[in-house]
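In the two complexes that follow, chain A is the common piece, with chain B as its partner first and chain C second.
After this line comes the complex of A and B, so read on.
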C-alpha cells in the first residue's frame, strides 16, 4: 500500500468506526414495533432492532465512502487527468464476499431460529386454561385455545373451536396462553394482520392457514387486512381486538356462547366454500 | 405461383416474383385505422361468444385483435406475406424511406431510430405513471375523506403500478440497449432487426390499452392481479391482461434478439472480457426476460380463460388454486425486478469508470456479480408468499436464497468503490446521478434484508415498508440510472447536449425530494399502514401530508427534466461535440451526428473500454482503413445492415 493510500484508508477507518459506534448506540435506544404484547411480537422487535444495528455500519460505511470520494478524489483544475490504472485486487474481493456471506448466513440463521421459535408453545405454570381438546391435523401440542379467523369482504369474523364454534366480530384472547390461529376466507384473498401481536397470515378461500401466537400482556390491538381485497380494503380493520385476563376471557366466552345460542351458524369446519364470484354485501 | 428465392449474387436460380402490392400503404395511420377495425371486429365476435355469465369477452378480443391489426397496419405483415405468397419485397419498410420526424413515427429497422422511439415512448409512459402517483398522493392528503371513491382510487393505484412496471421493464434495454449495444460490440445492426422493431411496436398498444382501463370500470387488483379478486374485476381488467401480455412479448423478443446479437455479432477483438459492463447488464437482463416473460404470458392467458370461460385454473371452489397464480406470477415477477435493476447496475458501473477516469476495478468480479444475481433471481420468488401459508417448510430455503442476493449485489458496490478509490472524479450530471443511485440503492438493499427474514417480514409484509423498499430500488435505483444514462448518451443520440446547470439543479432537487418523500414511508409501514389503502389511521395524517408535499416536488423535478430535454433537443441548435465527456468508449469515437451506417468498415477492437491512465493501453478500436477482405476476422463482421 502506498503512502497516500494508507492515509485515506486510515482516515476512513477511524471516521467509520467512530460514526458506526455512535449510530449503534442510538440504534440501541430505538425500540421498534410491534412491541411485546406477544412473545412473537417481542421476537420480531428484537430481530428488527438487530438488523437495524447491523445495517448501521454498512450504511455509515457506504455513505462515508461516497462523500469522501466525491470530495477528496476529485479532478483538480482544468483538463482531465487519469487516475491510477488499478484493475482490481483479488484478496480484497475475496474478503468482501466472505464478509457479506458471513453476515448473510448469520441473519438467515437468526431468521430460521425465530421461525422455529414462533410455533413453539410456552409452558405457563399459572395458566388455568385446558389444552385444546379438538386439535386437528397439523396442530402442535401445548396450544390451549384454537381460534378460526374468517376473512370476507370486508371484515373478519372469529370462531372459537373449543367453545362450540361460537362466533364473534372482535378478536378477544386470554393472556398467558398459547393460541393456535386458523386463517381462512370465504371469498377472495385477505391477510389477517394483528399488528401488536406480531402475526400475519393470508386468508385463502378453501385453505386452512395455521399460525401461532403466545400472549404475554393484556391490552388492545388492531386487526387489519394486509392483502388487497377490493374497494373497501382500506376500511377492513378493527381496533377493538383485546388480550384480557383468563377470568375475563372465561366470562366473555360464556356470554358469547349464550348470545350465539339462537344463531344458525354453519358447523365449524377448516374451510368454507361459497362462490368466489359473489361480491360482498 | 411458386415461392421466390430472393438471393442476391448466387445461390439457386431465382424464380420471378409476381408483382403485388398491399391495398393500403403501411404506416402508422393505417395502423391506427386497422386497430379500430380490429377492435370493432373483436367486440362483435366476443359479444357472440360470451361463455361465462357476467364477463363480456368482447373487450378482451377487441384489444387482442386491435393490437394484431395495428402491427399489420404498421407494416409487420408485409415481409411474411410477401415471402409466403412470392410477392416482390421492398428492401426496407416505409419508415426508412423517410427522413425527419415521420421516420420516427413509422416502422424502422434502424436500431438508432428504434432507440429514440423507445426513449420517447418510455418518457411518455413515465409521465402517465407519474401523474397517477400525484393523483394517489393527492387522494391521501386526508385520511378519512378521499377525493375519489375507493374503486377509482384502486384503479389509479393499479394503473400507476402497471404503467411503471412497463417503464421499468423496458426503459433501459429499450432506448439505450437498442441504441448502443450494436455500437459497443461493433456491429451495424441487431441480429433480428424486425424483432427489434416488434419489441418496440408492441409497447404503444400496451400503453394505450392500459390507459383505456377506466372506460370499462378500471381494475382494482394492483399490478399483482391476484385471483380470485381479479375474477370480480370488470372488463377494465382485460386492459391488464392484454397490456401486460404485450409487454411480456416485447420482453421475450427483445431478450432473444439481445442475446443472439451479443453472442454472435461481436466484432473481431470484442472478446467476452472486453465487453462493456453495460452490455453485460443488458445481457443478464435479457436472459431473465427471455425465460421469465413466457411464464407471465402463459399465466395471463390462463387468467383470461378463467375470467371468460370458467376454466378454473385459479378458482378454488372448482378445483383450481389461487396459489397457482401467485406462484406463476412471482416466478416471473421476481426475475422481473432484476430485469429492472441489472441494466441499471450496468449503466452505473459503465459510467463510473468514465467519470472517475480509472479502469473498472474488478471487471471479472463485476460480471460474476451480475450473472450471480441472474442465477439467484430464479430461486427467491416464494419470499412474496411467506405469509400465504403455502409450503411453510420451504421458508428457510427461500429466506436464505433471498439474503444471498446481497452477496452479488455487494460485489456491485465493491466494484464501484474500487473504481472510485483514488480516482480523478468529474462530478458531471451523469456522475451525480450514479452516486445518488449508490446511496438510494443502499437503502433499498438494506431494507430488503429486513423484509427477507421471515420473522421480521411478518410485521413488514404488505405494509408501506415494502412499498418504500421497492420504490427505493426502482425509483431511487433504476430511474436514477435511467436519468444518468439520458444525460450521458443524449448528445450522441440526438446531437444535442443537455443543459448542465439545469441538470445539476435537477439532481439535487430530485435527490432531496425523493429521499424526503420515501424515507417516512418506512415509518408508515412500521406504524401499521398497509399498502393500497385509500383511508388510513388519523394519527398518520401529518406523515402522509409531508410525503405528498415532497412527492409533488419530486414530480416537479421530473418536469424540470422534461423542460431540459425538450429545450435542448428542439430549441438548441448547437451540435454537441463528438466526444463531450472525453471518454474511451467506442460510441464516442464516432462523429456526431451519427452516420446512418454505424461503421464504414467493421472495427477491430484492440483495447478495453475503461483502460484509463494505463501507459500500456491501446486505443479502444481500429475504426479506419479500407476493409481488408483477406482478413477473415473482418469478413466475419461483414453482415450487411439492410435485411430485405
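After this line comes the complex of A and C, so read on.
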C-alpha cells in the first residue's frame, strides 16, 4: 500500500468509526415498535433495536465510501478518460462475505431464539381446551386465559373459553397473564393482527391457529385484519382492544357473561362450520 | 488517479466499445404505430373501467328532520326509512327500476345516509326477504340500540300478523339480514319473512340509536346473503350500494 492509499484508508476508517459510534448512540435512544405492552412485543422491539444497531456501521460504511469516492476520486479536467480496469481482490471478497454471513446468521439465530422463547416461556400445561366455567384469573394457577378470535366478513369477535364461551365485540385481556389465543374464521381467510401486542396469526375457516401472548402493561391496542378479505377489509379494525388490571377484567368478564346469558351461541369449539355455506343456489 | 484505488491492480489498457449495427426492417415504423395504438387503446379501456368503477357511488339519503313523540315511540332527531328486499325488482316501498343487478338482494333506496351528530336516529326497515341464517349466531342479538330492544311487526307460522319488542331473534337461522355499524357498536338483526306470510307482506323493524361525534361510519349486513355466490359473501355483499354503505354523521 503506498502513501496516498494509506491516507485515504485511514481517513475512511476514522470517519467510519466516529460516525458509527454516533449512529449507534442515536439508535440506542430510538424507541422502536411495537412497544412493551406484552412480552412478545418487548422481544420484537429489542430485536429490531439490535438489528438497527448492527446495521448502523454497515449503512454508515456504504454511504461514507460512496460519498467519499464521489467527491475525492472525482475525475478532474475536461477530457473524459476511461477508468482503470477493475480486478477482484480475493482477501476483500472473502472478508466481505464472511462478515455479512456472520451478521446474518447471528441475527437469524437471535430471531429463531426469540420465536422459540415466545411459546416456551408460556406454560400452558394446565390450560383447558374445553369450557370449564372456572375463572383462573387472579388465582395462583399462572393466570391462563384462553381466548378465541373469530374472523368474519368484516369484523373480529372474541369468545372466552374459560367463561362459558361468552362472546364479545372487543378484545379485553387481563394484565400479567399468559394468554392463549385461538384464531379461526367462519368464512374466508382473515388475519388477526394485534399490533401493540406484537402478535399476528392467520384466521382460516376450519383451522384452530394458536398463538401466545404474555401481557405486561395495561393500555389499549388496535386489532386489524392483515389479509385482504373483501370490500371492507380496510375497515376491519378495532381500536378498542384493551389490556386491563386483573380486577377490571374480572368485573368486565362478569358483565359480559351476564350480557351473554340470553344469547343463543353454539357450544365453544376449536372451529365452526355453520350453515348455510351458500344462500339460495 | 488509479494508484489511489488500492483495491485495483494498476494495469495499462483501454476499452474497445463494440459497434453493433442492427438491420432495420422496412416495416418497422408501421409496426411501431400499430403497437403503440394498440397499447394506447388497451390503457384507455382499463383506465375507463377503473374510473367508471371508482365514480359509481350510491346517492346520499338525508335523514328526515325531527319528529315529535308518536304513540309509544320517543321523540327523535332524525328518521331514516329503509327497505330490504330479496331482489331489487321485487321492491314494494322503494322501487329502483334501472338497477344494473335487478336480481340482487339489497337495502333500498340507497346505502349512504346523512344523519346529525350527537342525536337520536330512528330507523324503520321494511324487511321483505326470507331467512338466510347467520354464520355467527352472535349477530342475532340486538346491541347498542336505545332500550336494548327493537320493535317488530312480523308474521307467525300461521301467517297471522304479530308485533312485539325484542332484544334478539328467537332463532339465528331466521335472520334475513342485519344492520350493523361496528364503530358505533350498533347491531340489529332483521327477522326473515315467515313462509306462511301472505304474498307482498313485510316485517317492519324499528329501532333507535345515538350518533356521536361527526365522521363517516361504515355499516354492513352480517348475513352472508349474496345468493349464488361462494359462501354467500360475493355479489351484493362485495359491492357498494347493496348490503353495505356509509353513515355520514355531520
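What we mean here is this: the second predicted complex is superposed on the first by the 243 of 281 C-alpha atoms of A that agree within 3 Å, B and C clash if a C-alpha of one lies under 4 Å from a C-alpha of the other, contacts with A are read in each partner's own complex, and residues count from 1 in each chain.
The rule we apply is simple: a residue touches a chain if its C-beta (ideal position, glycine included) is under 8 Å from a C-beta of that chain, and two chains touch if they have at least 3 such contacts.
Please read all numbers here as calculations on a predicted model, not as lab measurements.
Legend: residue contacts after superposition of the two complexes on their common chain; A:152 is shown touching chain C, with no touch to chain B. In the superposed model, A:186 lies in contact with chain C only, and not with chain B. By the touch criterion defined above, A:114 lies against chain B but remains apart from chain C after alignment on the C-alpha atoms of chain A.
By the touch criterion defined above, A:83 reaches both chain B and chain C. In the superposition on chain A, A:199 contacts chain B only, with no contact to chain C. Within the superposed three-chain model, A:100 lies in touch with chain B and out of touch with chain C [touch as defined at top]. Contact comparison for chain A: of chain B and chain C, B touches the greater number of residues. In the superposition on chain A, A:228 makes contact with chain B only, while chain C stays out of contact range.
In the superposition on chain A, the residues of chain A touched by chain B in one structure and by chain C in the other are 4-5, 8, 73, 75, 82-87, 89, 92, 187-188, 230-232, 235, 274-277, 279. Within the complex formed with chain A, the residues of chain C that make contact are 1-11, 13-15, 132-138, 140-141, 143, 167-168, 171-172, 180, 182, 185, 218, 220, 222, 224-233, 237-240, 244.
Looking at the complex, you find that chain A touches chain B at residues 4-5, 8, 32-34, 40, 43-44, 47-48, 51, 55, 58-59, 62-63, 65-66, 69-70, 73-76, 80-89, 92-93, 96-97, 100-101, 103-105, 107-108, 110-112, 114-115, 118, 183, 187-189, 191, 193, 195, 198-202, 204-207, 209-210, 222, 224-235, 273-277, 279. Note for the complex: chain A touches chain C at residues 1-2, 4-5, 8-9, 72-73, 75, 82-87, 89, 92, 150, 152-155, 157, 167, 169, 186-188, 230-232, 235, 238, 262-266, 272, 274-281.
Remark: chain B residues 54, 149-151, 154, 220-222, 224, 226-229, 231-232, 315-317, 322-323, 356-359, 361-365, 387-389, 395-396, 399-400, 403-404, 406-407, 410-411, 413-414, 417-418, 420-427, 435, 438-439, 442-443, 446, 449-450, 452-456, 458-459, 461-463, 526-528, 530-536, 582, 611-615, 617 touch chain A in the complex.
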